[in-house]
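Heads up, the thing below is written out as structure tokens.
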């Protein structure tokens, strides 16, 4: 199924996972690095949490469903990680951590977690949500604006396989068209700029 | 220009850079982590090199043009990194390092570097090339097969901005359609499987 | 601006037009042909209306704003057409025609026209709406289902320019990412099938 | 399989067909209309030929394989058309018709037909080729330039299904990523302009 990254081939997969393409954009856009403290909710199979743990200082990952935490713990063990803590709990009611650099959300009503996210992030800390539907994306962005987050930026990442053979180069016939939208924003007191600056009319 | 990641806003930009979207896919698909040794050629402005340095153990980055190395050194300084070594030199003639985990190539004739890449990578080490044109992609893949690399996988990453406003949600009107193709492969002695397995006829 | 089709280069352009790529999908998916009777609202610059007129028996095109009708009349004259009738009026209040084969909608609240569309179409007649935002698309589809239309099918058409030169083939760097979604449906009494049948989980 | 256009549901399908999305772009970009004379090669199942026949004056469609001509004849009969002529023959050796408005090519080595195409088209007549691989696209464009065609324009049309349900709007998870590239050009003596004008650096 997954050719890359190779480590995912040995991981357990319970609930639906965030795929490498979206994990890649989350990592690159968030600027996570070896000194980052990350909070993650919900854990699911823990693929995002363990990938972040391999790149950052510590990851705290929450899920309300204990059976998912168990799968994630198994994946932590498979990869030999000691810097990820799985917790069973509802992040909309608040988390224990403070001064986090990054807060990732993969929840049906991610916007409900934003007050807790705001408390947990340090100034300039980044929140990113993984949202399959456009309605979720809108609710999330409207709540971000209301709570004074800034640099709101929403994207969709599409990875297209290329078929490269002696007889010819072309994109793969079929492929994965959609997983979810990603919404990024920063905690802060600065005035919110227009949400997207890159758009222009094509008239 | 770049909203995310924030750190790039302060970096110097000389020659054309690899953008965060492609850096994200390189990171996610390569499985790079805190213990990885990376080799990078050519350095360019060093954006890929410094991003990898923030996530891995050490990065060795080569460029033939000394003026680029200088820009990259400046970016290393701005980010306060001590685990990236910039070198001026031609990687097609070989590199000093051995047992590397990852070798990234952003060169016009990346396939010419493959014999040197093969020597420098450890078994199961990963090479990834950033190739703007389809002809380059084909040459690179043909050479990979000839040299016995396996798990060859070629993709294109497209990030589409979403415009999320009270009056409506829709993709941004205009955007970036293409930067480059990414080709991934592993060094090894295993038989090469069919290059892409996910393709099916749509008849 | 437009390389193709050549005839558009000489047409007047007032309000925003439906572009050839979307006109092409409307024509191909609707099955419009030389014997078709088409109704169109709103006219705008009349590009869709005159294109349909060149391919069908007769087009009746409505717009509430008389100044647009004037631009469209000019375009009809430029192309030497005699089988398109421009009318100033509000289609949500009903149209004069009956037994139409195709009804095209480019209106802010296209769903409000659906009762009138249903009266004007013959059995098995096709309605298609051009809708820039996802919220409009949803409102339109919900109303289609309520009114008993069937074969509901929603798409987005993306045309990507390819740069083909001696030095290499690749997609164009920048381009048009979004104009509007297109929603198709048929008038009829048959039970509505699941809206999209082609989707599968990627688990 | 095909929801739209409805008429295709009853057509025979032998060899691989050109899909409605690509037929739509061919129609819209070529400016074909009720007075057009079209030449088509190779016929295949005849879907493009019969669709063009429903919109134009006459279509002459060539294929080297007689068994395909038979399927296409069947489709002509199903649709009750009298303005399409199927011929068995090799278009690279020339066609009988002259002063055609449009010449469509769906052949493995489409560039070999270009001298015959040039003879058969009227001044300003349009050629369009359907080419799955990038190598074919390049060969075709290079030959177009050599033969003095102008307004060369190459595109790829991607149609993405949208899933519109009460619980949310989002693109379909999986879909068709690639069929073929389309290359358009005009016969003429005018100087060839730069192939693509819309591209800009993203530096």
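Residue numbering begins at 1 within each chain, and the chains themselves are lettered A, B, C and D in the order written.
Going forward, a contact is a pair of C-beta atoms (placed from the backbone, for glycine too) under 8 Å apart; a residue touches a chain by one contact, two chains touch by 3 or more.
Please read all numbers here as calculations on a predicted model, not as lab measurements.
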Per Cα centroids, the chain farthest from subunit A: D
Size of the rotation, in steps of 5 degrees, that lays the CA trace of subunit B over subunit D: 180
Interface numbering overlap (same over half, different under half) for subunit A and subunit B: same
Distance from subunit C to subunit A - Cα centre to Cα centre, in angstrom: 38
Separation of mean Cα positions, subunit D and subunit C [Å, integer]: 22
Subunit B: positions in contact with at least two other chains: 134, 160-161, 169, 171-176, 179, 202
Contact footprint of subunit D on subunit C as seen in their complex: 3-7, 20-21, 23-34, 51, 54-55, 124, 126, 134, 137-138, 141-142, 151-166, 169, 171-175, 181, 183-184, 186, 195-202
Residues of subunit B that touch subunit C when the two form their complex: 132-136, 160-161, 167-179
